[in-house]
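Below is the structure I would like to discuss, written out as structure tokens.
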């Protein structure tokens, strides 16, 4: 490997954290790539590496949904969805993580933190972001209650069907990601406490 | 395409169902493959095809987890997890679908149907299947409440950490898949009504 | 007795299943009558026969409410109420049972099954049936929240006060019947899986 | 009729209160009987008389379950079950009514009132009454969660299967009765405010 | 002390009930004052006297909020808020206590009792009192859901900002008081059963 | 006034923020005192100043409970109780505030932040702090469910009855304080985002 990666840290997860050498090549590559991007290896990807090939496929699904440089919805929209979903699912690691990335996406670190705690108490949210946040909360907590009127509200924001379903993908991938991180009780990265 | 696929059926979903010709090649291939396997195209994959490349990557993540011929856990275990998760999330389409596949996996179609309605009322479940079902329900409804004792219970069934985390992957991919199908209100396939 | 009745099957209930000869004459007669009607003895009536005279009086209360040939509301209306109530109360036996009778009442067995799983996901329900279903769910789950507006909605369907209260009777008799069957964990009849 | 009955009081119910002359003979007789017993006509039976023959059959089911002079369980046990069920279902009329009858059954009117408000705060309940109260609450709120251990606890109190199922009948008839009275918003009798 | 106070009654609380001589002077004075006012010492103030100086400061906060002779809102409004809050928090002692004081404030003891059981079933509540009751329930159970529209509804009743916030103070002091009394399982006063 | 206080900031609250000159002297003094202590005036005390004399009495009740230099329980214990209660009640302002003060009390700012988000995911909590946190959560969410066994668990930590009831006071004062701040939607202080 070309990047200098940290040694195994078994205490970052409730289950076994495999050594990097045990992992399938695709997963090793994903870890290197993220390490290069952030300057360190985040605990989440080391911890869920236990899932081997399953996790490699999951990361392939997840990462483009959070890429600022691609997607049908603006990056800030997708970070709102990810952050609110993580708060609703009760994932501390993900809330701390996305408090930061949402803050960057919005150019306002306080707002990022406040949304990660509870979007409902943030009066300053734009109508667009409030609508997306409410949709994330509803699809997370009561998926069967998303009504035709709720879909119409998203259309009134200007979203077409593909963009609406991309929002569904973001909320749903975090329904999964949050469960991984909650289950493993992944230790928050030091970097979250900037 | 080598397989004869049905024409667009717009009524199977609450949002737009794209024509097959619009889809990325990988997704077209996935649809052909499933159609060949089942003898017809299930509504779920036509409906979520709206997600284009995101859906293609999602299917790559999902399908090996449900493949009888691979996986760390027995296929029947994985169908128990998928079926119970779908019942807990309230996805009618998925419950009807997995009532059938679970029934086949167990060699008992009545049991498959009964678990899809409510596993808690099925006294005949083996201790192993009951434990897995309870784990699926807990990680679905109250992920933060999965305790060290719950993990120990899975170990007592003989699961190692990799198998435990495969179970987490199955439950989590259905946290996502159920939300797609509930949100789109996908019409159940005629084939579900045996 | 004139009808050939099955022998005691102790495994159909969590408590004791009395022999037919122990039962009060009225209850024996009810069992014979149903056996003649269906061609077999359903497990529910054998299981709740433990209640002796109480159960005989209960059956006298229940059975006319489900009789296609009497009642103030159409039979299909009453089967919608019974099926949705049973789903909301989480009674697997009753859901499987009424999936069938509702399907017959509607002349559509798929619809019967789908309503027994979850009426909220059945877009094809008529406005009348959706309104009755929502009323059944509300009176079952949050009886104190049935508002004057909800009653007005039923009046707009054309129901007079007597018909509205007949609906209340159906929902309420199933609040009781579901509890019997859930409590005893009555084994579903083979006929449900036809 | 031999008993002097009050005139129609339309304000005691949210729906129509029929005149006594409209009612089937059996229901008239039940009303006369109760009026003789109490010295006045309680609002509940006038209000649910709207249900005509259905209500007459319901009363036939209900009344022996609350008769101090019959039943398999002691009368005080059955009043505990009725009162706690009514509190759990949130029926004010029934709570006020049974606060009185439970108080008489126990020979302690304060205890009757306190159980009608919330049995969980009444430290003075006997172990037997506390167990029955907890059973009523569980079968009312989470019927699917009544476990084999819960049934064993009732057996340890000395209840056989017939007595256990009589308890189930009492709790279940109030699942119905409470819904009638909540739905109709029956005005509490003046006599409740002793 | 100038007033004849009862001896220590250890059974009125789940924790220790201190002797009057142990208490700080301010708290002794509060107890004397209430005893003079009521003609007996209510159990609540003897039981929470365990909190010494903390309790003395709490009583200083609480008592003016319930004083008929002061306050920005009419006394009956404040008793409605206190009674409904106590019912929502499930405090039997407080419900019995305020059933009486609310009845006096309204000049209708039956109404006081009925509101203490469940305000939602009391059709006779004035629009003003119903609005205040609903506000108490919402701020108690789902404080984060009190909307700008809810505040506007209070303004339409004629409340200015100071009066609205006084209502918040009453509901909130009972969020605290109810927890004391529930936690200590304070025995209801004989006087409540008038 | 001897301290230089900021001008009125109406945007920090959903209701009116009174000018300092309108406030009763005791409340002015409390504001000055806190401003001197912190170096700025926190938004919470400016916002709840709307309550005039009620708020002044409330602050007298609250502030000693949070004073590091007094109290029966260690200051860190009381900050754990305050922080967890604020998280359970869903008060963003209080969570952000106490993330900081808890971090100082523990000498670990990361731990303070993590507990403010969700204590259940913090494996590093000491057994003492975990027990206190669980008690705060239970008394906040389900006060009626605090059992004799729960009280015994607190005694096993070494708490006597006075210390247990001081814990109840802290949790309860925050049941009130959280409602003030949630209701007014008080804007978090810039200082929280350190």
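We just call them A, B, C, D, E and F in the order they show up, numbering each chain from 1.
One rule holds in what follows: a residue touches a chain if its C-beta (ideal position, glycine included) is under 8 Å from a C-beta of that chain, and two chains touch if they have at least 3 such contacts.
By chain, with names taken from UniProt: A, B, C, D, E, F = Peroxidase-related enzyme.
The structure displayed is predicted, hence computed values, not measured ones.
Note on connectivity: the fewest steps through touching chains from chain C (Peroxidase-related enzyme) to chain E (Peroxidase-related enzyme) is 1.
Shared contact partners of chain B (Peroxidase-related enzyme) and chain F (Peroxidase-related enzyme), listed by label: A, D. Chain pairs B-C and C-D differ in how many C-beta pairs they share in contact, with the greater number at C-D. Distance from the chain A (Peroxidase-related enzyme) centre to the chain D (Peroxidase-related enzyme) centre is 53 Å, each centre being the mean of its Cα atoms. Note: centroid distance chain B (Peroxidase-related enzyme) to chain D (Peroxidase-related enzyme), computed from Cα atoms, is 46 Å.
Shared contact sites, meaning residues of chain D (Peroxidase-related enzyme) that touch two or more other chains, fall at 90-91, 118, 121, 144, 182.
Under the contact rule stated at the top, the pairs of chains that touch are A-B, A-C, A-E, A-F, B-C, B-D, B-F, C-D, C-E, D-E, D-F, E-F.
Every residue of chain A (Peroxidase-related enzyme) that touches chain C (Peroxidase-related enzyme) in the complex is listed here, in rising order: 144.
Across the interface of their complex, chain D (Peroxidase-related enzyme) is touched by residues 90-93, 95-96, 109-110, 113-114, 117-118, 121-123, 182, 185, 188, 190, 193 of chain E (Peroxidase-related enzyme).
Within the complex, the chain A (Peroxidase-related enzyme) residues that touch chain B (Peroxidase-related enzyme) are 14-16, 48, 50-55, 57-58, 60-61, 64-65, 89-91, 139, 143-144, 146, 148, 151, 161-162, 164-166, 168-169, 171-173, 175-180, 182-183.
In the complex of the two chains, the chain B (Peroxidase-related enzyme) residues touching chain D (Peroxidase-related enzyme) come out as 118, 120-121.
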